[in-house]
Amino acid sequence: MRIGVLKESAPRERRVALTPDAAARLIKQGSSVAVERGAGAGAHYPDAAYEAAGCTLVDSAEAESADLVVAVRRPTAERAARLREGAVLVALSAGDPGEALAALNGRRVTVLALERVPRITRAQSMDVLSSQATVAGYRAVILGAEALPRFLPMLTTAAGSITPAKALVLGAGVAGLQAIATARRLGAMVTGFDVRAAAAEQVESLGARFLAPEAVAGDAETKGGYAKELAEEQQQKVLEAVAGAIGQADLVIATAAIPNRPAPRLITTAMVESMKPGSVIVDVSAETGGNCELTRPGETVHHADVTILGPLDLPAGMPQHASQMFGRNVQTLLDHLAPKGALTVDLDDEITGAMCLAHEGTLRHRGNG
Amino acid sequence: MRIGVLKESAPRERRVALTPDAAARLIKQGSSVAVERGAGAGAHYPDAAYEAAGCTLVDSAEAESADLVVAVRRPTAERAARLREGAVLVALSAGDPGEALAALNGRRVTVLALERVPRITRAQSMDVLSSQATVAGYRAVILGAEALPRFLPMLTTAAGSITPAKALVLGAGVAGLQAIATARRLGAMVTGFDVRAAAAEQVESLGARFLAPEAVAGDAETKGGYAKELAEEQQQKVLEAVAGAIGQADLVIATAAIPNRPAPRLITTAMVESMKPGSVIVDVSAETGGNCELTRPGETVHHADVTILGPLDLPAGMPQHASQMFGRNVQTLLDHLAPKGALTVDLDDEITGAMCLAHEGTLRHRGNG
Amino acid sequence: MIPHVLAELGYLLASACFIVGLKRLGSPATAPAGNRLSAWGMLIAVVVTLLDTQMVSWTAIVIGLVLGSGIGLWMARTVQMTSMPQLVALLNGFGGAASVLVAGAEFLRSELAGEAIPPETGVVIQLSLLIGAVTFSGSLIAWAKLQEVMTGKPITWPGQKLMTGLIALGIVGLAGWQLTDAASLLPAFYTVIGLAVVLGVLLVIPIGGADMPVVISLLNSYSGIAAAMTGFVINNHVLIIAGALVGSSGIILTRIMCKAMNRSLANVLFGAFGQTAGTGGAIGASSEGLTVRSVSAEDAAVQLAYAQQVIVVPGYGLAVAQAQHVVRELADLIEKNGGTVRYAIHPVAGRMPGHMNVLLAEANVPYDKLFDMDAINDQFEQADVALVIGANDVVNPAARSDPASPIYGMPILDVDKAKSIIVMKRGMNPGFAGIENALFYHPRTAMLFGDAKGSLSALVSEIKAL
Amino acid sequence: MIPHVLAELGYLLASACFIVGLKRLGSPATAPAGNRLSAWGMLIAVVVTLLDTQMVSWTAIVIGLVLGSGIGLWMARTVQMTSMPQLVALLNGFGGAASVLVAGAEFLRSELAGEAIPPETGVVIQLSLLIGAVTFSGSLIAWAKLQEVMTGKPITWPGQKLMTGLIALGIVGLAGWQLTDAASLLPAFYTVIGLAVVLGVLLVIPIGGADMPVVISLLNSYSGIAAAMTGFVINNHVLIIAGALVGSSGIILTRIMCKAMNRSLANVLFGAFGQTAGTGGAIGASSEGLTVRSVSAEDAAVQLAYAQQVIVVPGYGLAVAQAQHVVRELADLIEKNGGTVRYAIHPVAGRMPGHMNVLLAEANVPYDKLFDMDAINDQFEQADVALVIGANDVVNPAARSDPASPIYGMPILDVDKAKSIIVMKRGMNPGFAGIENALFYHPRTAMLFGDAKGSLSALVSEIKAL
Amino acid sequence: MSEGIIIGIVIFTLATFLGFELIQRVPPTLHTPLMSGSNAISGITIVGALVVAGGGFGWISTVFGIGAVAFAMMNVVGGYAVTDRMLRMFSKDGGGK
Amino acid sequence: MSEGIIIGIVIFTLATFLGFELIQRVPPTLHTPLMSGSNAISGITIVGALVVAGGGFGWISTVFGIGAVAFAMMNVVGGYAVTDRMLRMFSKDGGGK
């Protein structure tokens, strides 16, 4: 199997879909890997490293012509049109505008959407959502600490005592838990908040306090471990709980999300105005609209002496390790798709089936793509 | 005594010399405090807070006309010219261009330079260099973590294992030690480096490894606990030691300094070129020229896939707590200068004498100002 | 014959040997020497007796000595290491029988010679007979249960307790009659012995096989008392001293053993009647009829204290218990004892990527002691103990072997290859994946139940106390 | 008079009271009850004796009882708490004297009545006299040293050892002569007693006042043996049992006391001759002639285990020792024992701002247990123990009182207001400021020398072992 | 009651107290050896057995004597030997260490 | 040697062993009370003193008897009383606790 690695073209996207290390593992299994020149530069993987790993460095056209093309984000329509007929494309395909997919399908390209890896134990090592959320949770705290006009840890000094910062983490999924851990490492007093009952123990297992919204827990979790969208009345309780806690917080990391839905609104303008001067909100959910009413995706908003960050490129901001993890996920997935280098797309397979958006000219999973 | 608090005018200077809390303590001792409107805004201390603390909010002219004027940085020549004859000015006066001081002296203003507080035990609580270096050391790591394309902590995940980052801290003074502590908190493996022999124990007391330059230690320390400038040959040994360690480092925090001298050069261009792709240098000493040859003060340099930060505004970047500590230092100093609100400038006093650059028309400490 | 004073001093020396020997038996370092010292004491006692007593005939002595030593030595040499407990039971029973025979001989001699037995001598003879006989038959039953000659399950029937009580009463009555009535009462004598043998059987039969060690220890204590009573009968101090020593130290040992099993002595002896086998049974049996082996912190501590290579496998339970600092403490302790400790971090242990790293970093566990799965998996075979702390799915062999399992295909930590496995968790709850874990039923696995933090603290204290 | 059998049983009961009482005296919770039980035993023994013995005359008995009880009670009631050890010494001496008198009376009685004393009785009488007399005079010297009636310093002179040896030899010789020669040897008898009294003086006089408790404990053991010998003389078992108990348990206690002082018994008894006062002296004296009081981890552990309020004052030494995790462990343990632990953080403790915060955060000490100087300084008065770990300058009272000191004017933590202060450091080195610290010479301060991590670990083990 | 019995009781009492104190903390691995070792000590009945066997009381001595000596001796010899075997496992290579 | 002495030696030996075992770990605060309490027990010489004092051996009984009883009684009464005083300090409010 010949694998092509594309250089990303989206703005601020510094990741690469396959690192030299991951590529080397695939080559060992019998594949050949063609890497577009400069693909890893943004993530600090120089071309030389790919060469050393046994890849061939190629121009973009050649990378596009591989049997299987991997990229972090789905390539532009222009590049997609250059894919080989019957090729397989593995990439994130979020926010699918329909058209691009249709075009690919027209060329009978098999499209495997990385964000659709099912969250079963066996597929954990292929799950880019988890790995990139880990980066996002860590990085959100670093960005928050940078934006804060104060220390996170407690400090008793000759120039007076610095009280520890209070951090509030909304949503205790993968990113939220990582944020909790990172903020605690830096010495903040951390409170975690989630609607899923199982989150309480997980938050406490990191040494943080859990804030339980009244009368919501229990039925807020789907079978897959995700949160459901809440009924009006429940949503009200959640808002009350957040409102009660946010006034004390110096740093808020908002990571609440519901799959395939806009992010739940948890922080209203009034709540922002009740916060202490100088406090900071990092809205990790900005991409899906943000947990905060005032969030503007990709921008930094100042409101009532509160700073609201809406970063869109959290994992891409830490491209070296984000790519390392992404690449490892992709490599494990390819090992699964093509054991010993021979590619077969088996739609009955639990993982492949769930990921596949287009195959042999047929679109799949339209309803919840 | 009437104390005037100026609003800072330097670009990026967001600190304020007296916080509402510190002002309240002075007022309790019998002074009155006039705060220039908006002085605390940059540090997230709103005017209302000053009012609540018992200060009067005034325009700039009125603040300038106080008996004792405090500011973070020495005011512009223009503003200085408006100070009352015989007034006392308390501020940082670093990089004194001579002229400004002469002008102040001409108006018989007593100038007390905050960076000249002697490093004796009794004066520790007035020592803004220590308090601001604390902020700088912490913040340098936060900035470094933000600029790094990788994690600091170790992480074993389904997407592979992330090795912990290696941090190298050059100079284990106040800022360096704080940087060591912060990097360790974030999970990095930290090595500290200094020429003073006493630093070894201090670095190890933070759980970090100490790297001793060969045959330098011992006589590299002055009586005051500072480092001396090194002889050519010693300097060579130091460079060798740094060169030997820097190739492994992902993050370098450079804080080495020698009082009243340009920062020692510890990182050459060749060393930067020997570093791993994606690594980051935060040069805390940028203000005095930087420990790294390539540092450009106030700018970010990319060289050979290494990012070199030369931040000039480290404490100002965390204005709320930096101001809190600064204000506490200033307040303790004023308590010392004017016990119970009655100001006397006693040049025989160990602390006042050391700080005073100009008094009753006479310039002092010219040689090492 | 030697002067009696010398004999007394010889016996005293023998007693001192028993005392010091017994004390030394209590700690691993000194136990072998202690046992040898006590054996010397026994030799001294025998020699002194042979020199001191007016021996009318040597035949019986020689026959008995040769026979007894030969059989004893042969049994000790040939017994399987795993059958030790039943051998001890058997030997103990012989001791009881010897007491019965000595006291019986004394009784018969006086009786047949028509001598009046003074009441206090009568009492001690009766006690010697009674306790000896109970020890004898009880020990044989214990042996039979352990040897699986009879079922190891408790044997109970309605009215059993009443029956036992009646027999005991009968013995007391008959013995009293014998004492008060000066006339020769040989039938009563034999009846008492017979009833005592039955009593021994009745007392042990309702106790389960797993509790036999405690029963043997108790019977051992009895046999000591029987020996002491024999000492009263023949008015010999070394018998009294040695017997009393064994009697009381045996009681203490029995209590220690019960405590190690987290049970009371009463529960061991009469537990079967209540029909509640205690908490142990409730969690003891899996759906497929396999059983888990539960271990006490004390026992686990001994294993860890003497282990050369320990691999700690932390899981989500460690995080829930927030036991990261204690685990570090335990590791430090093991290393101080000369072992090495490594941590095996599974990629998905815990509930977020890097969960275990965060915890262990907090406890300042050096990075170079953390190993990821690929690096450590072939090290388990050399590990003396794999200490699984609150981990479940990540050590579930179903991932390797059971294609129907939801975790099939996930690589796991090969803890089951370790020489011994200790699993710490609160109960038998499944982990995240909600499935059973065959590791817990593995023959080399011991479960240390309880909150991980509590269990780890207990281990630390126990190791320090060793 | 009661039947002798009853008396024997009464004595046995008394002995049992002593045994159980003595055992209970070894642990704080049971000690008061233990002492009372042993007192009951004594009462039983006295009553049994009065009932059992054919009392020819009661006058001596009544006079003696009234006199002895009165004086004893008066002394026990009026003695200062601080003079307890010398009272014990005195009482112990009286015990020795009583043994001398009893044995002496036996000897004189036989001697005057012209009865031949069998050799074994002679030996025990001699032993009783000898040990009793040594105990008597030795105890009086110990009392005098402690009461400061005579100097507490060791008194030695050249040839002292030789002299002691010769006297001991003389005693043996005379005693032997008395035994072998059947003739009345009253002068020899009195000479032996006289020499034994001198021997007691000679044995104790070269030992320093600070070591007197060990000496008293040893003499106490002797007086037990004397009592046992008296038991042989009058052929009474309760005397033998109680005396032997005291004799052997006294030896063990002496050894424990020596271990607590980190010395060997030989060093205590003969140390003065070597003229090296051990390591303790080297660091014991400050330049101004003040002395520091060093404490063992065992002692400090007891203080902490029973403390209600503990304030920990960490300093740079804690960081150097990297003892943050152990200090947390210790605190947990104290809290488990019912105490509260707070941490007093001085603004400049350590070598960088917030140094202590970083450390304690690493050990996961909750923020609400950390107090800054202003918040905690008025709490020290209520603290049972202030535990200063590797801090020096920040607790130096010179900052308050000595204008010449480089640290004058720096606010410090008021640890010297605490009810008791334990300072942990490696030696008497000064801190950052390079100046001496009067706190270490404070009467309520005890120094626990050693690396902070080691000392803290030791404290943890000791508290767990209590 | 005879003096002999009284003294016996005294000695019995003391030895019983002593037995209670001798055994304090025993690591579980030593439970079985300790039990076995103390069981061997209870074979001290051999002293009584020898007295009976050598006493020359006719058939009583022969029957009861041989039996008592043989049983007691099995207890003694078997007990010490098997204890020794168990204990040897703990040293160096075998068993727990 | 008389049987009485022999039995005395046996009893003495057992009691000595018992004494060694009774005291194991004693917290330092208990050192003095324990010493004092066992010192009181050594006042058991009172039994001998009473025998002497009540024995009617003329002046020996009077002089030695009164002395012995008085000394022993001081040891006993003073010893128990002072031990009790010390121990009471440990409970509840006083002293260490």
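In this document, chain identifiers A, B, C, D, E and F correspond to the written order of the chains, with residue numbering beginning at 1 in each.
Following the convention adopted for this analysis, a residue touches a chain if its C-beta (ideal position, glycine included) is under 8 Å from a C-beta of that chain, and two chains touch if they have at least 3 such contacts.
This one's a predicted model, so the numbers in the text were calculated from it and none came from an experiment.
Colleague: Which chains sit in contact with both members of the pair chain A and chain E?
Modeller: Where chain A and chain E share a partner, that partner set is C, D.
Colleague: Over half of the interface residue numbers used by both chain E and chain F, so same, or under half, so different?
Modeller: Comparing the two copies, chain E and chain F contact each other through largely the same residue numbers, since over half are shared.
Colleague: Please state whether B-D or D-F has more C-beta contact pairs across its interface.
Modeller: Most contacts of the two pairs: D-F.
Colleague: Hey, which chain ends up farthest from chain E, C-alpha centres compared?
Modeller: B
Colleague: Which chain's centre, taken as the mean of its Cα atoms, is farthest from the centre of chain C?
Modeller: Centroid comparison gives B as the farthest chain from chain C.
Colleague: Distance-wise, how many Å sit between the C-alpha centres of chain A and chain B, to the nearest whole number?
Modeller: Here the centre of chain B sits 38 Å away from the centre of chain A.
Colleague: Calculate how many whole Å lie between the centre of chain B and the centre of chain F, each centre taken as the average of the chain's C-alpha atoms.
Modeller: Spacing between the chain centres: roughly 74 Å.
Colleague: Compute the distance, rounded to whole Å, between the mean C-alpha positions of chain C and chain E.
Modeller: 18
Colleague: With chain centres defined as C-alpha means, what is the inter-centre distance between chain A and chain C in Å?
Modeller: 57
Colleague: Chain C: which residues touch two or more other chains?
Modeller: 15, 19, 23, 237, 241, 347-348, 353-354, 358, 361-362, 364, 465
Colleague: Among all residues of chain F, which ones touch two or more of the remaining chains?
Modeller: 1, 7, 10-11, 13-15, 17-18, 21-22, 24
Colleague: Give the residues of chain B touching no fewer than two other chains, as numbers and ranges.
Modeller: 124-125, 130-131, 134, 153, 155, 157-160, 162, 185, 187, 207
Colleague: Using the touch rule from the top of the page, what pairs of chains touch, sorted by label?
Modeller: Contact pairs between chains: A-B, A-C, A-D, B-C, B-D, C-D, C-E, C-F, D-E, D-F, E-F.
Colleague: Show which residues of chain C lie in contact with chain A when the two form their complex.
Modeller: Within the complex, chain C contacts chain A at residues 316, 319-320, 322, 347-348, 350-355, 358, 361-362, 393, 406-410, 432-433.
Colleague: Mind listing the chain E positions that touch chain D in their complex?
Modeller: These residues of chain E touch chain D: 1, 3, 6-7, 9-10, 13-14, 17, 21.
Colleague: Within the complex, which stretch of chain E touches chain F?
Modeller: These residues of chain E touch chain F: 7, 10-11, 14-15, 17-18, 21-22, 24.
Colleague: Taking the touch rule as given, give the residues of chain D at its contact with chain A in the complex, in rising order.
Modeller: For this pair, the touching residues of chain D are 345-349, 353-354, 356-358, 361, 364, 367, 370, 372.
Colleague: What residues on chain A touch chain C, complex-wise?
Modeller: Where chain A meets chain C, its residues are 120-122, 124-125, 130-131, 134, 174, 177-178, 181, 184-185, 201-202, 204-207.
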